[in-house]
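So that you can tell them apart, the chains are marked A, B, C and D in the order they are listed, and the count of residues begins at 1 in each.
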Amino acid sequence: MQQYKETERIEAFSDGVFGIAMTLLVLEIRVPNHEAVGAQGLLHALAAIWPSYLAFSTSFATILVMWVKHHWTFTLILKSDHAFLYWNGLLLFLVTFLPFPTAVLADYLLHPEAKVAANLYTGTVLAISLAFDGLWRYASKRGRLLAGDAIKAKKNELEQITKQYRFGPPLYLAAFGVSFVSEGASIGFCLLVALFFAIRGWPMKT
Amino acid sequence: MQQYKETERIEAFSDGVFGIAMTLLVLEIRVPNHEAVGAQGLLHALAAIWPSYLAFSTSFATILVMWVKHHWTFTLILKSDHAFLYWNGLLLFLVTFLPFPTAVLADYLLHPEAKVAANLYTGTVLAISLAFDGLWRYASKRGRLLAGDAIKAKKNELEQITKQYRFGPPLYLAAFGVSFVSEGASIGFCLLVALFFAIRGWPMKT
Amino acid sequence: MQQYKETERIEAFSDGVFGIAMTLLVLEIRVPNHEAVGAQGLLHALAAIWPSYLAFSTSFATILVMWVKHHWTFTLILKSDHAFLYWNGLLLFLVTFLPFPTAVLADYLLHPEAKVAANLYTGTVLAISLAFDGLWRYASKRGRLLAGDAIKAKKNELEQITKQYRFGPPLYLAAFGVSFVSEGASIGFCLLVALFFAIRGWPMKT
Amino acid sequence: MQQYKETERIEAFSDGVFGIAMTLLVLEIRVPNHEAVGAQGLLHALAAIWPSYLAFSTSFATILVMWVKHHWTFTLILKSDHAFLYWNGLLLFLVTFLPFPTAVLADYLLHPEAKVAANLYTGTVLAISLAFDGLWRYASKRGRLLAGDAIKAKKNELEQITKQYRFGPPLYLAAFGVSFVSEGASIGFCLLVALFFAIRGWPMKT
């Protein structure tokens, strides 16, 4: 089997799904209708849908950070097997689903039942981070799918990734917990987590 | 002709179509409207659209399994001709169409006429499996489009694929038949078939 | 400049746009609403939207044939320049626009003003074929962007492509003309043209 | 780290996002509804939505020019780091968002509050050009991420890109300013800028 080609095609396919999911998010921001605008003005109507911008930005940043992580991880993975394809498939399933909780959040963040929307949203992000963790554990266990040279020369990098993968689930579990107390805080927290990874790079990279 | 590049581009194009079809499925899950939620609560409204989740999951899993199969098949195919491009085009046509039966199913699974929706859905999946079978028969007939070394060294693998391709149409024909009796059972059966392939890997792989 | 990489990236980008345009077409097929179905039954309601299936199939087949043609053309083109990028951009612009005339056609094929919808549809397909012709003329003029070996060894193939490119515009001009007489015949003609290329392969290939 | 592969995957991912954003734009052109058509005829109804065609064309041309620029820039960039990934991510974020201002513009260009829509649209395009400028400054600063040979052999080309990147923000700042005076002029100006780059190629290319 052409191992190099194997992971390359999985990467390309995953990139496509990540990219489409990110781009579809914009369809969730609805153009204000003419009646609403007639009453309050377009500027006000555009400002009033800020939950849509927040939901769009949070999901975009989250998927982007996931993609960068996926990208970095795949520089070390050179082999693939059926179980790995389906771990990756589970991850893509959840990423593909994210536009729905995003749309629910955008629509219900200012509604009395906003907490339910925040539960669904943070719960989905938590599930994504767990699937990512599972993917990495499966691929890295006893160096199963890693490049031979990566195991030796990049031991440090491997340990860093392993440590960092452990960060995701507890952080998003916290966001899920917070969503039962304050929906706004839980979404802000998700956005901050994504921006933190985006600005700081990977926390323990030395 | 640069044969290697030929199939690579077809693979990349097919991946794009598979990936987009999978990702578009989420647009079919509609955010509950505020009136419905006012009456019954958001949690209840989100639970009430379970047919959407079922239809989304079944179609996602089915397309993913098809993609993995397509991926595996293409590791053995190194040549391409016009007829092959159109066999692949027919397959993509049906995969691209699948979001429509999925949306019909999500909308009508709890409707008195659910059987018609299930007929359409299982019939489309049956057609996809038949197109896949035709693609493989065309490509593998007398090793027409296969890599030279694949024909010799991978005889066992070739026979496995051929055997497995024979599984799809009868299984989905059964699902189509069941859809006339019980719409729920026919969809559950489609989901189980996809999960079975996903978890077990390829049945006869030794 | 890395010429090989140049055209490869343009091909990949074009494939993405062709693939997404093809896949988005399905969003134009609307799920029948519950009121309509209540009156006439789901099977009848699904049958009543046959113009959507016809429009979807015709556009899918047309884009697919265009993609195969694009694919074949690019096996001979190894260089790129700014003008070529924008010829390709014009082609993609028109392909990207096609889902709109397709949706108009699906919605108005049974309406008294169906001719206007057919004019728009066939006119757009005609414009696509003209853009394709322009792209090829630009690329092939005095072998401008062709692979050096292609010019010598594949003279026959080059002449074939040139001849075939001349087929598209007159055929689609005829379809545009027919659309003023019979909207149904003009769409059927477009579908037949696409299927003819699909089944027969390239007419003069020897 | 496999540097070549690094930027290649970023390019492919960016291409996907550019391509999907361009293709989604068409969903913003709404099929005229049967009531409106009944009153004025389909031809008139199709003509009446010319702001949708203008907005679609302007955004398509703008994203296409951005893609060509991105493409040209990446032929010189061979390395990548985390900060660069996020500069590119910011660019993609804004490109992904563009379909929303495009839809607002299409819907409100003939509305008394068209200026607000034009402010939002030109402001978004300005932000895209600023992100592009930031990306290039980061990548080119002291040749940070450039190919070694590019720094020496292509000094001229590098200076050209740098000069041209300085063109974007002031031009789009002007468009943003004009949008407070005349919404029509500001959009026409954006379209002209894109067409100018498209037809003339890069202004200072010698």
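Some observations on this one:
What we mean here is this: a residue touches a chain if its C-beta (ideal position, glycine included) is under 8 Å from a C-beta of that chain, and two chains touch if they have at least 3 such contacts.
The structure displayed is predicted, hence computed values, not measured ones.
Simply put, chain B must spin 90° to overlay its Cα atoms on chain C, rounded in steps of 5.
Separating the CA-averaged centres of chain A and chain B is a span of 25 Å. Averaging C-alpha coordinates per chain places the centre of chain B 36 Å away from that of chain D. Residue positions 12, 16, 20, 24, 27 of chain B each touch two or more of the other chains.
Chain contact topology: the protein chains form a single closed ring, every chain touching exactly two others. Screening every pair of chains for touch gives A-B, A-D, B-C, C-D. Chain contact summary for the complex, chain A toward chain D: residues 11-12, 15-16, 18-20, 22-27, 29, 31-32, 34, 37, 41-43, 46, 56-57, 60-61, 64, 67-68, 71, 75, 198-199, 201-202, 205. Residues of chain D touching chain A in their complex: 1-2, 5-6, 9, 12-13, 16-17, 20-21, 24, 27, 82-83, 85-86, 89, 92-93, 96-97, 99-100, 103-104, 107-108, 111, 113, 116-117, 120.
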